[in-house]
Structures are given as structure tokens and as C-alpha cells.
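Next come two complexes built around chain A: one with chain B, the other with chain C.
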Partner chain A sequence: MSLLHPAMFLLLSAALILLSLERVGRWRGQVLLSLSLAFLALEYEFDMASLGALAAMVGVHYLTVRCMLRTASPSARGWLFWLWFAPCLGVFAVLKHYQWLTGDRVARIVSPELVTVGLSFLLFRQIHIAVSAMHGSVSALPFVEYLTYNLAFWTFLAGPIQRFDDFREQFGRLAGSASVTSRTVIGSLNRALLGMLKMFVLGRLLQRASGLEPFLADPGYGSLARLLAAYPLYLYVNFSGYCDVMIGLARAVGFKLPENFSSPLLARNPVDYWNRFHITLSEFFRDYVYYPLQLAFERRGFRAAALPAAALSSFALMGAWHGNRAGFVVFGLVHGMGVAAAFGWRSILRARLGKDGLRRYMDSLGIRIAATACFQLFWVLSFLPYQFDGEQLGRIFATVRTL
Partner chain B sequence: MSRPEPRNGQDRFRRWAAVGVFALFPWCVGALNRALSPPEETTEGAEKVNLLAWRGPVDTVLAGDSRVMTIRETAFASYGWRFFNMGLSGMSPEDVVLQFAYARSRHPVRRLILGLSFENMTERFPYEFSRYRKAARFRHPAVLGVAGWPQGRNALKLRLEDLYDWFPVGRAASTVLYLQAKSAGQAPPATSWLPDGSIRYEQIEEQIREGQYDFAKYRKPEIFFNRPDFEARYLETGSLSPDARKLFLRLVDQIRNDGTTAVMFETATTADFDRRIEGNPALARLRREWRAFFRAQSRGCVRFLEAGEMRAAYADADFIDAVHYIGKTSERVGAALARELHELEATCR
Partner chain C sequence: MTDIRARLQQVFREVFDDPELEFRDDLDANSVEGWDSLGHIHLIVATERAFGIRLTTSEIARLKQNGETAGTLVRLIERRASAGAAKG
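Now for the complex of A and B:
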């Protein structure tokens, strides 16, 4: 069920009112969990297959992490981690229905939309807790906190991906009934309402403007620009609007969620972009895929290839996580190459200009404007394989040739 | 995180005022929508529902999938009937039945024409392949008795859908488009639908006029003959959908009880497409079974016409692909159906 559904908005309003009541006091955590369970029932439209898959994912992970916490030996914890992670990844691939991996041999079990949002983000939170438990940085796993961390309605669907220790701190404050000033409530709800306008008005207008048909019906440079720009802009406006709604709602009741966007349209290269766009996802991949891979390559003596290989692998994985078509992997690879090229270019500049020269280069307004413009072109082009399949891309290129 | 601060009446009032504004926001959007009456959504299903509302009292309804969408009101109007074409592309049997039920719940419908396609009777009930689950109001509780919609969680889902009437949060974009068009002095976005619910394929007609339409390319039977919801399903199950059978039996019962006059007709295809079905013994047997099923319902004020019985109305040159036709064929099919309906109405009681 979409957030546009009135039942969802009713639930958000009810959550805001209930969690703002002073009488709820120290039960706020339990109220948040109950509201989140109601949210899931609505989100999954009471579909038992989807809710069952979700319960199984949460139950198996909880038991595994509990076992890890009771195990003193780091190697045994490592084994437990892989015993959970390998099959979990397999199940996730089946649920996600990767056609380039399985073809049509595997039937859909739950609706793809429910995996794209929801289970995909749940997997991140679970990996984070499991890795933390493996490294011994999680010492306790209170059940209500664990469940709320995984299922809280304001982060369940599409993040932001909060770290567990940060969540526990905020959860403690929520249950501690910390006062929220009227100024904070007004500012936060203003942000949530603006987020709704971004999602429901601007986002939907951009969504209507996107797609192949307007370009094929009236080929021209204007419609080509619209074809390229409308969809990436729609994704940004829709997703950042969603984050504004959830971050605003949470802050209005005294719960701080991490920021997920920081003016990505001003990015000057792919590295800068991923520090501004879907920040919590980038940080997750940086910490759990990119750094370990880079370190592994370097330890094996591939120092020169470590950075590009780690970037390509991380972004290919990130692309695959975004959707089940091969085009998503291509999108990831393109950004991986972009990141590797940006790092390479920076190294060349530093070697040629020196540290001070590089700083002057980076601070130059003209360079900044030119770099941002070039990157925006790269950005919209990179979304072509994300948005269209091979046959559609063929039609686009054939039509572009006639312009 | 905000600092705890002493509560006073003014602070508490401001906090709750902010919460109130947030909670009332969607109702304000809803009220604005209702006051302005902008188009709700731009999906085909919703457009059809809106068109039907603007059409005025309708007494003759044509329900079916995309293969009937080009049939116009002309022949029906000549008998003094108020006609509306409810056809939509990709309709499953359940959708088709609900189309009719929906029209009947809003209009004094006395006559029904039902376009039927053998290829579309593989679906399992309910709504397995429906493209219109969320697009239009065919699923409104008032019409679900006909389809035998299961109760329980589905009924709850339907009640949740009803909230859109009170609480149209997501329609703000429609309102903006509507205001934009209104301030620019434009009519709402044009659709391809004509006021009688039929459709014009303007681009295709223009391409045909200019000799640019690639008939060979679009008439390949494979385009409609390789869908997983058609022959693969038939060959897998080896039978017509039992649930769709039950659904049609229930519909026919209801038509008889209501005293509605109905002509059900098999939509024709190109000779190539037909040969493709006949060339497969299993499909040929199933199609005979399919025709026999509808023929068995053909008595009293309900008549079934096989494609062969209306073959004279179809010209091969009017098929824009293996199953869809335009031009004179649409006119002749419409005229033949109106004639059948008129004769049936005169003789069946």
C-alpha cells in the first residue's frame, strides 16, 4: 500500500497524536512498536505470505544474534554470522526475483514492490546488527528495542538507515518522555508537510512528465531533455520528500533520525554525489562493502587496483540492490567507474598541482560550476539503464539518431 | 534533540495547534479537490468512470476488453438507446463482469453487450491479471455481490479504498494540474476517449492514411500469442478457468432475473491468429469447449454469437493487429450487434 493511501496518512496522524500525549510517558516505545505493527499490516495489505516472510526474516535473525551474543569465541561468532548471512542472501535473491540470476525458474513469492521497499532496508539493519554482534560491539539485544529498530514505521520502508547504537539512544530518550519544544514541533511538522508536497505534488507531476512515450510521440531536444531529467528528478524529489515526512514526524515526538540528503543537485562528481544522495545507504556500503574490499585487495598486494576494484564491486552490488533487472547493475557499475575516475582525477591533480594548488582548484567557482554541470549530465545519463530496459534503450537511441 | 523546558499553557497550545494542522492537512486537500472537482487520476479506468458519470442516464452498455473499444454509439443511437462503451484494455473476465455491475449500479441499464475473448478465460479468480485493481471503482462494495468477492480481509481492503472519498491525500497533483489548466483557460487534458466511451486511434489512423502503418509487423500472431496468461496457462491447466465459468454463470443468472437483454459475442481475430489456435489440438479443443459453454447460456433474452456468425462484418484490411480492428469493421460490428439486440429484445419476452 502506498504512502499516498489515506489509511497510511490516518495512521501517521494517529501516531503523531499518540506519541505527543504526555500521558503515554514511558510507554512510548511500546506504542511506537504497536503503531509500527499496524503500519506493516496496512503496508503489506494483510498479505500472509509477505507478513510471514517478514516474520521469518526477523525471527531467524534475532535468534542468530542472540546465539552470537552468548558465544565468547570470535571465530564461532564469525561462523554463526555466515551461517545466517549466506542463506539469508539466497532467500533475499529469491524474494527479490533477480531475473538475470534465476530467469523465470523461480516464481514470485511476495510482490516486488514490497521487497524493493521494506525487506531491502530491513536487510541492511540486520547486517549491521549481525556484524556488530560478530565484532562484539553489541552487548545486549532487548526484544522490544530490537523489534522496534527493525520495524519502526518511520524507517521501515525506505530508511534512513539508522545505526543501532544511535537508535537505542533515541529510543531511550523517547521512552524517557523528554519534552519537545513547540518550536521543534512546528519546525518538524512544517518539514513533514513540505515533504508531502514534494512527494504528492512535485513528485507526481515529475512522474507524469517522465517515461518514454512523450519523447517517442514528439521527438525533439526539449522532449529528450525531459526524458533524461524527469525521472532522476522524480526519484530525488519523491525520496527526499518521503525522508522529510518521516524525519519531521519523528523529530516532532522527540526522536532524531539521521539525514539522508544534502543538496545532491549541487554535487560536482560521483564521490561528492554519494556523500549527498541517500547518505545512509552510501555510508552503509562504504563501511560494510567498500572498505573491507579495499583492505582485502591491498592486503593481497593489489594496491593500485584496490580502489577501482572495490568501488566497482560496491557499486555493482548497490545497483543490484536497487532492482531486479540487469540495468540496475549497469547503473551501479557506471557510478562505480565514475567514483574510481573521480578519485583518479583527484590523484592526478594533486600530483600536478600540489596540495595548495588542489585546494585552489577545488575552491574555484568557475571549476565548481563547470564540474557540477558536467556531473549533472553524467547523473541523468546514468539513470537511463536504471529506468529503461534494453529494448526501450534501443528505441531511444534510434529516435535520437533521427534528431 | 530538543532541550527539556518547562511547559506552559502557550507552549502546549502551540504544540497541539501544529499537530492539528498536520492532521487536518489531507482533509483540506480533500475539500479543495471536492470544491474544484478536478479529474481524480489519469488512468484509463478512472477516465472511463468519469466519462460514464458525465454521460447521463445510460440504458445500453458494452463491456469487454480492448477488442471492443472502437465500437461507437451510432448504430445503437438509431434505436433510441443511450449507449456507453465500457471497454478497457487488458480486462480479465472478473473486470468485465464488474464493469457491467458498476454501470448498472449507477445507471438504469436495460441492455448489455458483452465482448468475450477465448484467450482471456484462463485466469484464476479473483483478479489474477486485472490491471484495474486500484484504478477505478469497479470493485466498489455495491457491485461485488456479482463477482462473489470473498469476505474477510478483502472486504477490509475495500473499506480502506473507500477512504479515498473522504481523504484524497494523493490527489494534490491532479488539483495542481487542474488549476494550471484552468488559469491558462485550457480544457482538462484531452483523452482518446469519445463521449460514448469508445476510443479513437488517431495516430494509427493517420499512419494508415499516409501509408506508413506497418500492418505486417503488428499483425504477427506471436504478439498476442506468447503471453504467459494465455496459451501457456491453457496448455498448463488444460482447462478453462473454473472460476471464470462460475462467474459468467452467476452473471447470466442475474441478467435473466433482472430482465436485462444481453448479447454476448466472441471477438474475432485475423485468419492467421485463428489458424494458430486451430493448429494446436489442445487449444482448438479448449476453444470448442469455450464456445459450447457460452452457447449453453444462449436462450431467452441472452444470446451468444460465435465469431463465425458475424464474420461478414469483419474486413481483414481493418485489423490493425491480430485482434484489434478499426474503421468500417467497427461500424459494421456495432450495427450487427445493435440489430441482434433489437431483434432479441422484440422477441425474447
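Now for the complex of A and C:
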């Protein structure tokens, strides 16, 4: 269902009207959950396989976490976590239809849209809750809050990924908060409108410019530059526009979502970039993959191997999460190497220049401009395996050789 | 300065290679040079060694979230110390 679908407007209008009614009061959470369930039914066009897979994923996770909360022993909670996580990851891999893992042996079971977005983001929220429960950081799991957190129409498809304690705090304030005011709604819709302009005007223009055919039909340095830059820019503009819409909608119904972008085009290296681009995703991978892996190596004394191993593994996983072709893993590995190299370069500079010299280096405008330009080139090139398959890349390289 | 803060000051000075660093509860990633993702892990490992504790993934992640400061680490260590004393 497109954001411009009339049903989306009806859903939002229903939310705003109901939330503005005084008598709805303490039932606001239930109202938002009901509207979110209606959104899912419309989004997946009442496809029972997709909705059934979703219900099973949510149900199994909820019961597992409830068991974890009733278990006093940390090791038993750990076992429960792995008993849920290992099969869940296997089912997710099958549903995601990884070509390099299963080939065409496994038929598509659920809607590709549900897996590409939707389930992929749901898995993050579920891992976050399960890990928190395993470590005793979550003490209660009220059913309506849990369901709304996982299925909310403003974050279900593609985030931003909000943390559960943050969500609970805001959910708890819903019942006691004043009714929705026109000022809040106008401010929120402004943000959503900005997002729609990014997605449906600028995004569409970039999308049209991002195809392979214009370059092959008219090879030249200009069309090559357009081929390289248009797709990464399209992804950025389209997704940051989508996040603007969702942050605006969420604000209208009483939730403040975390920001997902902070001027990524100004990034000077891969570390800086992932602190600015799809921030909630990179924080998730940092917290749940990169930190545990690096800590595991460091605690065992393998300090030299810790950074490259953790960076490569977590970025390879992040790449695999983005899509089902091997090219996505290559994209992740390239960024993992970039992150490890950026940290290594910083350590070298710190050792050679000292603390004050490094600060001067980082503050230098010339260095900043040069580093940003170099990184942007790295950035657009890294998207080649993300956008194109092997056969298409072969045609691109063959054409580039003729220039 | 409490014992925990004094020991943390030593840890911070060694990890961030800054012998003049003065530990305060309001120190955060923006105010300490080198407290990035890599520095955070080195800080965690050094803290674990200094205090003989093991932090969980959730605690480590929380320490790096926006708005969290060195004071959060102090409170975490204090909680661990009191839990250890209660067990003992």
C-alpha cells in the first residue's frame, strides 16, 4: 500500500479523530493497536499466508519472552533465548528467500514486500526485546504495549527502530496526555509533507536517472557519473523522505521517534557515514553484533583481530539483511573493510601526530573537504554490487573500458 | 572523589591516553576525545578488568545511547558492587 493510498489517509484521519476525543482517554493505546492491525490487513491485502506468518512470529516470540521473564536463572534465560533465536533465524532466512543460500529450491511462501521490509524490521525489535529480557533489563511485557510496539503502523514497515523502553515510556503517557491539538497535527503533517516531497518528487527524478540503460545507450563520463551517483542518492532521498513521513505521523499520534539521518552526504569516512545514515539500523548492528563480537575477541586477548573481525562480520550481516543477492553481502564487506580502515587510519594519525595534532587534522577545512570527496567516491562505488548483479556489472565494466 | 570514580578516572586516562583527564559524572562521548565505538569497547574491557565485573550486551548498548554519561557507568558499577555484597 503506497503512502499515497486513500486507505492510508483514512487510517491517519481515524487515528487523529479518535485521539482527539476526550472520552477515548485511557483507551488510546488500544485504539492505535486496532488501527495498526487494520493497516496490516490492508497492507498485505488480507493474504492469510503473510498475516499467518506474522502472527506466528509475534506469538512465538511473545510466549518465549514471557517464559524468560518468569525464569530467575540467567543461564536458563540464555537457553530460552537461543531456543527461540536459532529456529527463528532459520525461518527468516527461508522466508527472505536468500538466493545464495537456498537457490530456487524453496518457493516463496509469503509476500516479498512483507519480508523485504516488515519482517526484517520486526526481527530487530524482537531481538532487542529478547536480549533485554535475557539480561533482565525488561521486567514486564504488557500485551497491548508489546503488540503496538511490534505492529505500530508508523514503524512496522521500515522503522525508524525505536527502543522498547523509550516506546513504553511514551506509550504510558498516551492515556494521561491531553487530546491531540491542531498545532501538533499541523507541525507533524509539515514533516510528513516534506518527506512526501522528497519521496515522490526528488526521489522519482533520481530513480528515473538511476537505470543502467541510459549509460549503455550513450556511454560517456557524464552518463557514468549519473549511473554511479543517482542510485545511492535515490536510496538516501527516498528512505529519508519515508522516515520524515513516519516521524511526522508518529508525532501526530503521540510518539517521538528517533531520527534516522544526519546529513550523510557530509560524511568523511565510513565510520562517520554510519553515524549519519540509517542511524537506528547501524546502532542496532553496533549494539547487538559489533560490540558483542569485538568484546568476545578483546576479552580473550585477541586485540589485533578484534576490530577487523567484528567489523567485517557485522557489516556482512548488515549487507545480507538488506537483500537476498550475494551482492548485498559484498556491499557489507566493503563497508566493513572501510570501517576497519578508518579506525586504523585514526590510530596511525593519533600515534604520529599526537592528541593536539590529530585535533588540528580533524578540524582542517582542506582535509575535511578532501576526505569527504574521497569518501563520497567510495560510497557511490560501494553501491555497484548492491544495485547490479554480476552480469550487469560485467556489462558496465566492459563499457567503461571502451571510454 | 569516591573510590569508584578515582579508579574510573585511571581507566579513562589509560584508555583515552589522556593523563590529564578529570573524571566527572557528566562526561560523555562528545566531551572525551576518542570515545567512539572502538574507544567504547576498550573502555568496557578496561572497566571490566579494573572492577572484576562482566557487563551485559544491554548494559553496554545503553551506555552508548544518546544522553547517557559516565555517571551511568558509575551507577552500574555501584549496583554490581551492592549486588555482589548482598550475595556475599
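We take it that the second predicted complex is superposed on the first by the 379 of 403 C-alpha atoms of A that agree within 3 Å, B and C clash if a C-alpha of one lies under 4 Å from a C-alpha of the other, contacts with A are read in each partner's own complex, and residues count from 1 in each chain.
Following the convention adopted for this analysis, a residue touches a chain if its C-beta (ideal position, glycine included) is under 8 Å from a C-beta of that chain, and two chains touch if they have at least 3 such contacts.
Here the structure is a predicted model, which means the values were calculated and not measured.
A.B. asks: Under the stated touch criterion, which partner chain does A:R286 make contact with: chain B (first), chain C (second), both, or neither?
C.D. replies: A:R286 sits against chain C, while chain B stays out of touch.
A.B. asks: With both complexes superposed on chain A, which partner does A:L307 reach: first (chain B), second (chain C), both or neither?
C.D. replies: The answer is second: A:L307 touches chain C but not chain B.
A.B. asks: Once the shared chain is lined up, is A:S262 touching chain B (first), chain C (second), both, or neither of them?
C.D. replies: Touch partners of A:S262: none, neither chain B nor chain C.
A.B. asks: Check whether A:S364 is in contact with chain B, with chain C, with both or with neither, and answer first, second, both or neither.
C.D. replies: In the superposed model, A:S364 contacts neither chain B nor chain C.
A.B. asks: After superposing on the shared chain, does chain C or chain B touch more chain A residues?
C.D. replies: After superposing on chain A, more of chain A is contacted by B.
A.B. asks: Does the superposition put A:S132 against chain B (first), chain C (second), both, or neither?
C.D. replies: Second partner only.
A.B. asks: Could you say whether A:Q30 touches chain B, chain C, both of them, or neither, answering first, second, both or neither?
C.D. replies: Neither partner.
A.B. asks: How about chain C: which of its residues touch chain A in the complex?
C.D. replies: 17-18, 33-34, 36-38, 40-42, 44-45, 48, 56-62, 64-65
A.B. asks: Quick one: which bits of chain A touch chain B in the complex? Just the residue numbers, please.
C.D. replies: 1-2, 4-7, 9-10, 13, 16-17, 20, 42, 45-46, 170, 173, 178-186, 189-190, 192-193, 196-197, 200-201, 203-205, 208, 217, 252, 254, 256
A.B. asks: Provide the residue numbers of chain A that touch chain C in the complex, in ascending order.
C.D. replies: Chain A residues touching chain C: 131-132, 135, 137, 163, 271, 286-288, 290-292, 294-295, 298-299, 306-307, 343, 350, 355, 358-359.
A.B. asks: Provide the residue numbers of chain B that touch chain A in the complex, in ascending order.
C.D. replies: Checking each residue of chain B against chain A gives 1-5, 7, 10-12, 14-16, 18-19, 21-23, 25-26, 42, 153, 156-157, 160, 163-164, 166-170, 172-173, 176-177, 203.
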